[in-house]
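Same chain, two partners: chain A is paired with chain B first, then with chain C.
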Partner chain A sequence: MQAVRTSFKKSSLILGIIPAIFFQLVMGVGPSLATFVLSFTDITGVKGVPWKFIGLANYKELFFQQNHRDLIQVIKNTIIFCVAVTVIQNLIALFIAIALNNKMIRGRDFYRAVVFMPTVLGVLVTSLVWLCVLNPMDGPVAKFIGLFGLTSGFFTSSKTALACCIWTQIWMAMGHSMVINLAGLQSIPNELYEAGAIDGATGSQSFRYITFPLLWPTLNVNIMLAIIGSLQSFQVILLTTGGRNMATQTLAARVMYFAFNINSGSGAGAMRQGYGAAWAMFLFVFILTATLIYYRSVKRRDELI
Partner chain B sequence: MNSLNNIKNLGIRLLLYLFIAVIVFIYLFPLFYAFNTSLKTKLEYMSDPTSIATSFHFENYVQAFKKANLSAYVWNSIFYMMVCTTASMMMSIFLAFPLSRGYLKYATYIFGLFVIGMFLPDGTIPQFQLILKLGLYNTRLGYMIGMIGGGGIPLFVYMVYIKGIPKEFDEAASIDGCGYFRFMFQVLIPLMKPAIASMSIITAIGVWNDIIRAIIYLSSKELYPITRGLYVFQGQYQVDMPQQMAALIMVAAPLIIAYAFLQRYIVDGIVAGAVKS
Partner chain C sequence: MKRLLAIFMVIALMLSLVACGGSQQTNESPKATPQGSTSTGGEEAPAEPVTLRMITWVQETNERAIAELNQKFSEKYPNVSFVVDTVNANDYPTLQNTRISAGDVDIITNLSAFDTYPQDFTKGADLPAWVTFIESGAYLDITDQPFIKNWDPNMIENAVSYKGRVYGLDMGAVGFNGVFYNKDIFEQYGFEEPGTWAEFEVICNTLKENGISPITVGAADAWPLTSVGVSAMVGAYEPDMNEFAKGLWTGTRKFTDERCMELWKRFEQLVSWLEPNVMSISYGDAPGRFVAGKAAMMIDGTWNAGAIEDLDPNFRYGYFPIPGDVDGKPNQLQGKYDMQFNIYAHSPNVDWCLKYFEFLSQPEVYGPFVDALGFFPTMPGVQTSNEFVNSLADKNQRFGLAWEKFIITPKGIGQYAAGQCFNISLLKDLGGTVDNVEELARLAQEDWDAALAAIE
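After this line comes the complex of A and B, so read on.
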């Protein structure tokens, strides 16, 4: 592989890329690979405590020695969280993008700005706002459903907590999918719709035969991002319901719970980081499997078209 | 036939507006509710939490500002944001240029190092161990070091952007005797301003909004960023919802104001990142 000739000094070019490569190796790729190694140790988050390799003990505990109901619940939660977030977020983002792409609608930039705002507000502000709005005692939503004689514990009840986390996650992340969809829609040439209209295509036909196929690559990116993102996401869960409420624990939340004991809010506590690393490896395999399953099913579908 | 079409169009428009109205309500209501709550006294809130605030109690803001110690935390946040963003952007630009131009041998392997990083397991735990071993736990450097990097979306966006800048600039500069680093700062970086603006803003927002690292790496109060301050405050003053919401609004307000002015850059950056990666 031959480098392109340049009159800049090679040494300067190399000096320029060293910081980025150094950080990528030491803070990025290195730690990622080390997760695998640490998953065979009993290392803790406390400095100076001796640690040793303990073979497969962490994995044994993860799969066989802990309460089976907990493990099954965590896997179930992870799947529900991932599927619900991916499907609902992308469906609504698609609808909003199509609505906001309609030239008949006035004030589109404002609506787009409003829906995108949580991306800027960040996960902490989002979580605290929804904790307040979904306050089970006297929040506005509690009052509203109270009019129909209903009550709910929202984030505090084991029946509804996961749904509330899913809702908050979607509220936060949907703007991201929407702007990507909107950019995809705007890149579809208008002539196609005009040609379709001349040929007498109805609204639903032009969606089926023009919009959807041309937007598909964009949707595909969005779905992929949502699957991976929701499987890795634990911030909303830990900030709203903590780590002890098993009803909301996903794999990613468990990693943080065991490794950093984040539930207590201070990061102090047991901090079983070797065990946490084993969970992180399990999560990694889980994400890999989910992505492959999605990729395979999409490929099959693409072949059918 | 034409009038029938008009009626149909009107109907579709009404439906669209209705749909948009519901969505906008879902997005704006929580923020209005938080703001409304922040203006009430504690008694008003306890007697009727959902009523519209009639008298404005800005003393909640003063109180929360003092109690949550936000004035100290805000400078920490600004410091973290500036350092991490500047360092990351510099690294990305200096990496993107030779990779995009192909000036270095093994450019594909170097690029691969940054792509593969996205497909590896999460490295948070070993990263923590490393920072602990280096004695950087509970230091500004230890907190920031994991948020600095030259990879990710900025790298990809810059590489594409630099491809659009003619190579003649490089040659002209070096013929005139301009060194590499001077060329980067005086020629290339000014030419990349739009891309740098988008990517810097997105990176800066990410650093400003970080909470998990602030929980993991920082234990002394003097080092807290504003998010950690807010998080602690909401744990301590759970009973006083109006003050809690006042603190929250004070953390969110700069973001909302910045967003109002920089929306274009932010959205452009997100879209560019998604399309290019």
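After this line comes the complex of A and C, so read on.
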């Protein structure tokens, strides 16, 4: 009887998990594998256009036929975008989470909602908000810096466009990081702070020896999410600068540019989804490398501790 | 379990690949039979309501003209209604691609005619999107339709044909090698339309000295400056643009040669005459600034006169091509065939689309339509009553194609020589990173040489 029950339990588990596995494979793994396969084809994505396997031609074009200066700039932009977003977003989110975890602050739930609001608003509204705020003609920031005799093109200037995109991305995603940090902070037992206070620990010592070590696993998750999220992000760039200027072109924006012919202008060629898929594979390797480097460095740090 | 997982992975991959290419169909363009043989003959209303799906780009004058045309068609055929979807011109190729791929369209408008086809010297250049669409069978072959004979044979041959077959109707020609100018400001300073670059220089410098921004343009959308503005400047300077384009490909001309550097210097001057923060002015906002007197001139195509008149019907304006070295007064317009209509070949409403084309091919329907568009008509016998278009008659004696119709860049070209090649928006004065035109010319030539070398 026991054997039958165990067998039934095992079968139900497998049956229960099959839909989830199937969904994940069809919606996640399948398209990823298909992207890899399609990167060796000249598929356009236009209905009815025949396509064929062209070997490594897309990769050859990506690495050898494409302008090297532009490729280097795209990689540089991607790294700057990723590092800046990851570092600044997590620092601000940590600071706000600690501040809003303090029970002394009245109406902290309201402030938490305010900080989280951009995440709810979504990328379209966020981008429009910052396009208005940073409008170089008559936006509030332009008027303010105009008081000091300064001007800036913000999203339209090659010098400032990437920084403006980075800030918009941070503003949008910060609430998410803050909420994860808050959850991490609330899981730290209060007794530890009380024991620290009895031992005479100052505020900064409490943070250094209690908060930070115990929050580290949460921060790790946030950092990893920020790295992957920022490397995959193209929406803010598309909606603010249109990616027309190479100053804000990242790898993810480049995938969209080629695969869906986005912002190539009125004299455009057709979509090149095979070539776009080759860029997507390059982006995949880039994200994998960045994540592994971070993972290894964190592991080494943890081993040293 | 491992075997089960492997099976699932294979199924998932197959499903994904099928999703990408499963809808392959014949790549031969379906041919429309002459109207008489279509199932919806006569002028009877269809038994069931029909909704024709159209796509076009955001341009107020065009959108209004299309809406009026559609309304007239619906009045004649009450059960036919329209859904017209629009996006910004920069995003239009994406909308076109996706709607055609999804089969979610009946009538497609195109920004240009079938042109800019690779030439014998443009080795390795990509085929333009319109060739892809024709070869994929997306556009209906309308060669045998009786209404074709109503149209200008030159337009049919040069603008809407490919390999001897006809795939669309072009609604008219436009010029875009010039600027709109504010007549009141010009009269105030005693200016006339300039015949040479030197006269143009005097006008712009005088305006600037008097605190008036000489020129505005919707540079935030990129193309009004880097396509329209650049085409106008190159067209005014190079007498034979095909030779210039060929020279760049064959190496007999360089972006850094003496003659080209003169042109770059003119671009430098043009940049100095543009309104401050011009890179943040959108195409839609530029006419408003022009009408409000924020600048005395506006770089644009003749198609946008309607937007100016909408803003202020009493505003006094004119249009002149940017002049060159020789006093060719009045300088002649250069441009392109604009706004082509195509039928999606696999539309379930092909018969009604053909009826729409037939309706549009009647002079009494096309006449008011082309008036509203502000184009030069492409139907013999149709005279436009659009005052602005008629005022350009003396500038339309030797209409030529613009630079953008001659230049094809090598595959993989870098940012400094992409598009129309003279990417002045990368100059520091316009928010870019390049110090001056000498540096930009050098970078453009490097990008061009690198792209040619990569092809080799």
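Convention: the second predicted complex is superposed on the first by the 272 of 305 C-alpha atoms of A that agree within 3 Å, B and C clash if a C-alpha of one lies under 4 Å from a C-alpha of the other, contacts with A are read in each partner's own complex, and residues count from 1 in each chain.
As a convention for this text, a residue touches a chain if its C-beta (ideal position, glycine included) is under 8 Å from a C-beta of that chain, and two chains touch if they have at least 3 such contacts.
Values in this document were obtained by computation on a predicted structure and should not be read as measured data.
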Which of chain B and chain C A:Ile293 touches, first, second, both or neither: neither
Touched partner set for A:Val87, first chain B, second chain C, both or neither: neither
Touched partner set for A:Ala197, first chain B, second chain C, both or neither: neither
Partner chain in contact with A:Leu38 - chain B first, chain C second, else both or neither: both
Which of chain B and chain C A:Thr151 touches, first, second, both or neither: second
Larger contact residue set on chain A - chain B or chain C: B
Chain B versus chain C as contact partner of A:Pro136, first or second or both or neither: second
Touched partner set for A:Gln66, first chain B, second chain C, both or neither: second
First (chain B), second (chain C), both or neither touched by A:Ala247: second
Which superposed partner A:Ala3 touches (first chain B, second chain C, both, neither): first
Intersection of chain A interface sets (partners chain B, chain C): 14, 21, 25-26, 29-31, 33-34, 37-38, 43, 45, 47, 135, 260, 262, 265-268, 273
Chain C-facing residues of chain A, complex: 14, 21-22, 25-26, 29-31, 33-34, 37-38, 43-51, 61, 64-70, 73, 135-137, 151, 153-159, 242, 244-247, 260-271, 273
Residues of chain C defined as touching chain A within the complex: 1, 5, 8-9, 11-13, 15-17, 19-21, 23-27, 89-94, 97-98, 100-103, 111-112, 116, 126-129, 132-133, 135-138, 220, 222-223, 227, 276-277, 279-281, 404, 411-415, 419, 425-426, 431-433, 446-447, 450-451, 454-455
Residues of chain A defined as touching chain B within the complex: 1-4, 6-10, 12-14, 16-17, 19-21, 23-38, 43, 45, 47, 92, 95-96, 99-100, 102, 104-105, 111-125, 128-130, 132-133, 135, 138-140, 143, 171, 176, 179-180, 183, 203, 221-222, 225, 232, 235, 238-239, 255-256, 259-260, 262, 265-268, 273, 276-277, 280-281, 283-284
In the complex with chain A, residue positions of chain B that touch it: 9, 12-13, 16-17, 19-20, 23-24, 26-31, 33-34, 37, 46, 49-50, 90-92, 94-95, 97-99, 101-108, 110, 113-114, 116-117, 120-130, 132-133, 137, 145-146, 148-151, 155, 170-171, 174-175, 179-181, 183-184, 205, 208-209, 211-212, 215-217, 219, 227, 230-232, 234-235, 241, 244-245, 248, 251-252, 255-256, 258-260, 263, 266-267, 270-271, 274-275
